[in-house]
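These are the structures in question, set out in turn.
Look at the two complexes coming up: chain A is in both, with chain B in one and chain C in the other.
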Partner chain A sequence: MTGDRLRLALPVLSLAVLLGAVFYLQPRAMSYFGLNLLFNLAIPVALATIAQMMIIMVNDIDLSIGTFVSFCACVTATFVHDTPLIGYAILAAAILAYAGLGALIQFRGLPAIVVTLGMSFVWGGLAVLILPSPGGASPEWLKTLMSYKTPLVPIAVVAPLVIALVVHLLIKRSWVGVILQGVGGNDRAMERAGWSLVKLRASAYGLAGLFGVLAGMCLVGLTTAADANIALRYTLLSIAGVILGGGEFVGGRISPFGAVIGALTLTLAASFLSFLRLSPDWQIGAQGAILILVLAVRLLFVRKEAAA
Partner chain B sequence: MTLKAIMLGAVAGITAMAATGATADTSDKRIALSNNYAGNSWRQAMLESWQKNGDAAVAEGLVAAADAFTTSENQATEQAAQIQNMILQGYDAIVINAASPTAINGAVKAACDAGITVVSFDGIVQEPCAWRIAVDFQQMGREQVKYLAERYPDGGNLLEIRGLAGVFVDDEISAGIHDEVKNSNFEIVGSVHGDWAQDVAQKAVAGILPSLPEIVGVVTQGGDGYGAAQAIGATDRSMPTIVMGNRQDELQWWADEKAANGYETTSLSIAPGVSTLAFWVAQQILDGNDVPKDLTVPFLTITQDELEESLKTTPKGSVANVEYTLEQAKNVISSAQ
Partner chain C sequence: MSFGPVHALRAATLEIAAGECIGLVGHNGAGKSTLANVINGRLSPTQGAVTYRAGDATLTNGQKAQASGVRSVFQELSLCPNLTVLENLRIPFRTMPRKNWRRVARQKMQDALDLVFPGHGIKPSATVGNLTIAERQMVEIAIAFADRDSEPSLVILDEPTSSLDAAIAQQLLDHIKRFCTEGGAVLFISHMMGEIFDVSTRIVIMKDGQIVDDQPARNFTRESIVDAMGHVAPDDTDTGATRTAKTLGAEVVRAENGLNARQGEIVGLAGLAGHGQAEALAQIFFDHSSVWKSSGNPEVVFVAGDRTRDGVMPLWSILRNLSLTTLSEFSNRILVDRGKESDLVQNWKQRIGIRTDNVSNPILSLSGGNQQKVLFARALASSAPIVVMDDPMRGVDVGTKKEVYQMIRDEAAKGRSFLWYSTETDEILECDRVFVFRTGHIAAELSGDEITEENILAASFEMQEAAV
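What follows is the complex of A and B.
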């Protein structure tokens, strides 16, 4: 088994174990309808996790992804619904803004954690300005898309797989992806090889912005309306998802399939605890414990890998 | 036996079933509470009321289960997932105190499509397939001014204590107060934000008092009456009529003043036991009764005569509470029809 495959084995295993436990606790979940309910809210989480992965790929961290997804959800539920042209223009501008941030961070040598923390307030403020009180409506096509009944396997399972496959092809199989991972691996070497780091970091951030926008749109398609605080939890969920899926904070080591599986695992962990009827006071702690457990097991894997 | 006799027998049987149906039909139904937040005394009392009432209903065989779930974080996405889990768990009705009026619409719709009865209360949802038990906050403001107008027909100056700036509830209560003041001889001479907290209210009132003329009454939003009383008591002003908000410390202060010098006022708020009203509404819908989609939560008003009684049943640091019985819930439903 190669290193990448081994890295993926653990997230897949933890998802399988959790899924087995959920099916045992709630046999009703073992159906087309049940799987859809279990996983459909994981689609936007998976997209947000991919967005976070793009940032972690270049050794940065994005603390604004939750508010950014909320902002995109608000734009989707208002402008995209009422005046599609302006709506898409705003979303495109948001992606450009993300790319601009990447360029700024590289150009001025700023710490990404501080810039994105600051931006989280900007996105949050814009979201409140656009949608001061919860409301809006999902564009019809988006609602139809998110509730589309795919044959045999529900969309909630198909969509994450498609997302993972597309990102895998982009990051692991295309020259763009290899170079972007190189930025995380050794940016000096990339620079000496003649690449503009400003452009590369801007591309990585732009990709993150794109997936953030997609996450916001999917979320509105599912909820059918928006709220300025709708996705605040995504910031931490996405970071946890990337790491759970075998990614590392440094070195450009990331795995698209792993990240998506990490997002699914986190979503499922919450349902599992709820089916267990665990008191809410303990749920966050238990969710954390599951996370630590998986990471601890991974440490053993990595040690073995290093020893081998 | 002739065919006619069989038919008659069948009709008699059906009539007999319909007569007893009101209690038997829901005995195998399971109701769940989806709650988004449990971090203050009001929500704690609300959950306690649900538990007590639900356990009793299960013991009596009215429903099969009345389980309460609270999300680990006050987030709409968490609650949407929680509701979807409840659909999977096969509940017949879901009662919701929602984190957002819109952001869980998708999950609510999914529940409705699965044939589940959804009742929202306090934090209501906009999805049209759900029932809504809403609080008329404007009315809460109007009631206060109406009471004061009865006490002081000639009018006078009022001090207004508002809640947390920028929150919808604060705007609504205040709008109700100002609206009703227009119909009276009162004038609001000062307005401060008390953030629904006694200590903040005390500081705010102490700050504005020196600039105010004589005031006859203080209109409040709940959780701020005791602080106002402390601030005014520290000056040599005569104590105006402060409308209270059912908190234990407010009622205690009122009772002490009443014993000392016959102080008179009123107190009103929403009882946390409204969760039990939502429970019975869900039960009635499951029972096949016709219930209007929009209901209004009645206020819990404590008058001068009921004060001691209410104070006795209100734990320290909590809010005066009342739990609804099936009969009372039926009254609320029929008054809305």
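What follows is the complex of A and C.
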């Protein structure tokens, strides 16, 4: 248990350090309104990170999550707004398509990295077809939900925690989650015990699709419009978030709370660099540097743990 | 039961009744694991049938085995290291009640561990990845004996005590005896004679895929078991004929565990598979070849047994596969001397008899035996004085084997040293000196006339009682 706690301690610590630095640079951020501004774009990032986590949980990686979220955002801003019935049907079909991909990857023994890379062009193309130029509008209820004012703590802080809690209960506590994690841990043992790997992988991908759809919808709720390229960065952010949050690429070791905190840290890192008045040209590089720093510290922790 | 053209198991009939504990012994490749896998339904026999206590005819053997309560514990661990101990019980327990399943799993896991290993100190909520190897093995054994969808009726244990210490192993043996008196059955595979005699009511001996002896345990002695396991039908009669007194040079290599070789000597590494021979070879190879200081003249070359994993470059031609090790020896600083390369390959093609029209054909166009010849040529073509061979004759036909034996003897006579790990007795009999490995250590060093199958088998199996 101590090992798992240690894994979670690092992302929490790095978030706290970054938050402290931001407050030091900009004391006015230490308010209800300030926190909301700092974190509100973290909600869709957190959802996309959870989606990526579902895929990493079964030892795969998803390179299409960014274009998939963009696609979902475009559908939300057009079909869901104009003709809700068709809009929700498209989103449901997208989730089924994700589950189908999972089944295909398992059934044919394909490398997920290739399949999802290919799919990223499919989702990207569909998004451009639906919304060739930035525009559309957010469904009214989504806009209201995303600008809801929770008492004391802003929604931008409450929502990620609620997301983490729900996913924690689903993945870490329920028996379904345990079986899904087992696929990442030792898939041959699962097969010997009589579980269908095709069904399990399809379920994991289906869950990823569901959280991808939620990410796209939240994004539209926040920005009130969409664009075919709106979430391209999410692919790398989500992978970085999972790993930053104590996850491992193989072995089914993942942590929902860690992943959400990782997503928050990455979002905050961008704001922190803006407060430093760093030119936007340097920001992506600097974000990468922060990531490398945190991962290097974790490597030290893991080594010590292994030596102990 | 056959895999392709290889008969792993033939004419093996075994009936296991409730209350029996069967000790299964045999040398490498005798078919013990195949027999266990046929019984638990993971493999379907190509001929013949398996009958179980429960399950109707429409089910597969695996499902019938599951319904009848056949459980197995194998040497490779089948736990999920990212889950906790109690969560691992959920995986084989397919019909666990969904409400409050954690409480049920915790209770059943605790009960099973307490039953088999009293005083174990393993928490059901611990993550498996954080446990020691021995603790993981204990968890796996406990899960096999746990009360799940069906009661366990037959538990197959393949070398279950390999990573347990003596006291814990004794707890397991006691539990097996208790389990059998209560009407359960156990199939116990082990190389520890003491354990076999301690628990078995019946002993089954396998050799070359056949059951050669099957009698109550009291009819056997340790010596009679070793006798029954031995005497593999010899392929040819001239083995050992060439073992004449050779004058050997100075010692050229010595490892920490005592393994050593002299110049011009063929040293064999014997013992049951997976007892540390491959690791010992890798240690010697890596100690004498450094990535940083790689020079044109390597000290040690390696012949891989697992061709596809660490031998063949599957996309390359025969020529380029063969010349790989020696490239730096006959090339100038930057460019490969294609002429010399081709001469070398043609030369070796003649000497070792690689059956191909054109050495620029892809390596995969060759049969397994010829691919292995290319790997031999790759190693022998270099000027390295030490050749390390990790069971290099896997899947090679008898004719090729004889050619290679002759070539190894010739090279040794020229002053090269060979370290040769083999799972086949007739190959070990080719060696000048043999180290027998057991549980990662050298159990015996045999030389000259001491190299006999009986001596090797006796050293591979633990003959003493386990010290408690």
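By our rule, the second predicted complex is superposed on the first by the 306 of 308 C-alpha atoms of A that agree within 3 Å, B and C clash if a C-alpha of one lies under 4 Å from a C-alpha of the other, contacts with A are read in each partner's own complex, and residues count from 1 in each chain.
By our rule, a contact is a pair of C-beta atoms (placed from the backbone, for glycine too) under 8 Å apart; a residue touches a chain by one contact, two chains touch by 3 or more.
Small disclaimer: the values here were computed from a predicted structure and weren't measured.
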First, second, both or neither for A:231, with chain B first and chain C second: first
Per-residue contact with chain A, leading partner among chain C and chain B: B
Touching partner for A:190 - first (chain B), second (chain C), both, neither: second
Which superposed partner A:178 touches (first chain B, second chain C, both, neither): second
First (chain B), second (chain C), both or neither touched by A:252: second
First (chain B), second (chain C), both or neither touched by A:201: neither
In the complex, chain B residues that touch chain A: 38, 67, 69-73, 75-78, 80-82, 84-85, 87-90, 100-107, 109-110, 114, 126-127, 168
Residues on chain C engaged by chain A in the complex (per definition of touch): 42, 62-63, 66, 78-83, 87, 90-92, 94, 96, 98, 101-102, 125-127, 129-130
Residue ranges of chain A touching chain B (in the complex, touch as defined): 26, 28-29, 33-34, 37-38, 40-41, 133-136, 219, 222-227, 229-234, 267, 270-271, 274-275, 277, 280, 283-284, 287
Interfacial residue positions of chain A with respect to chain C in the complex: 1, 3-4, 173, 175, 178-179, 181-182, 184-186, 188-190, 192-195, 251-253
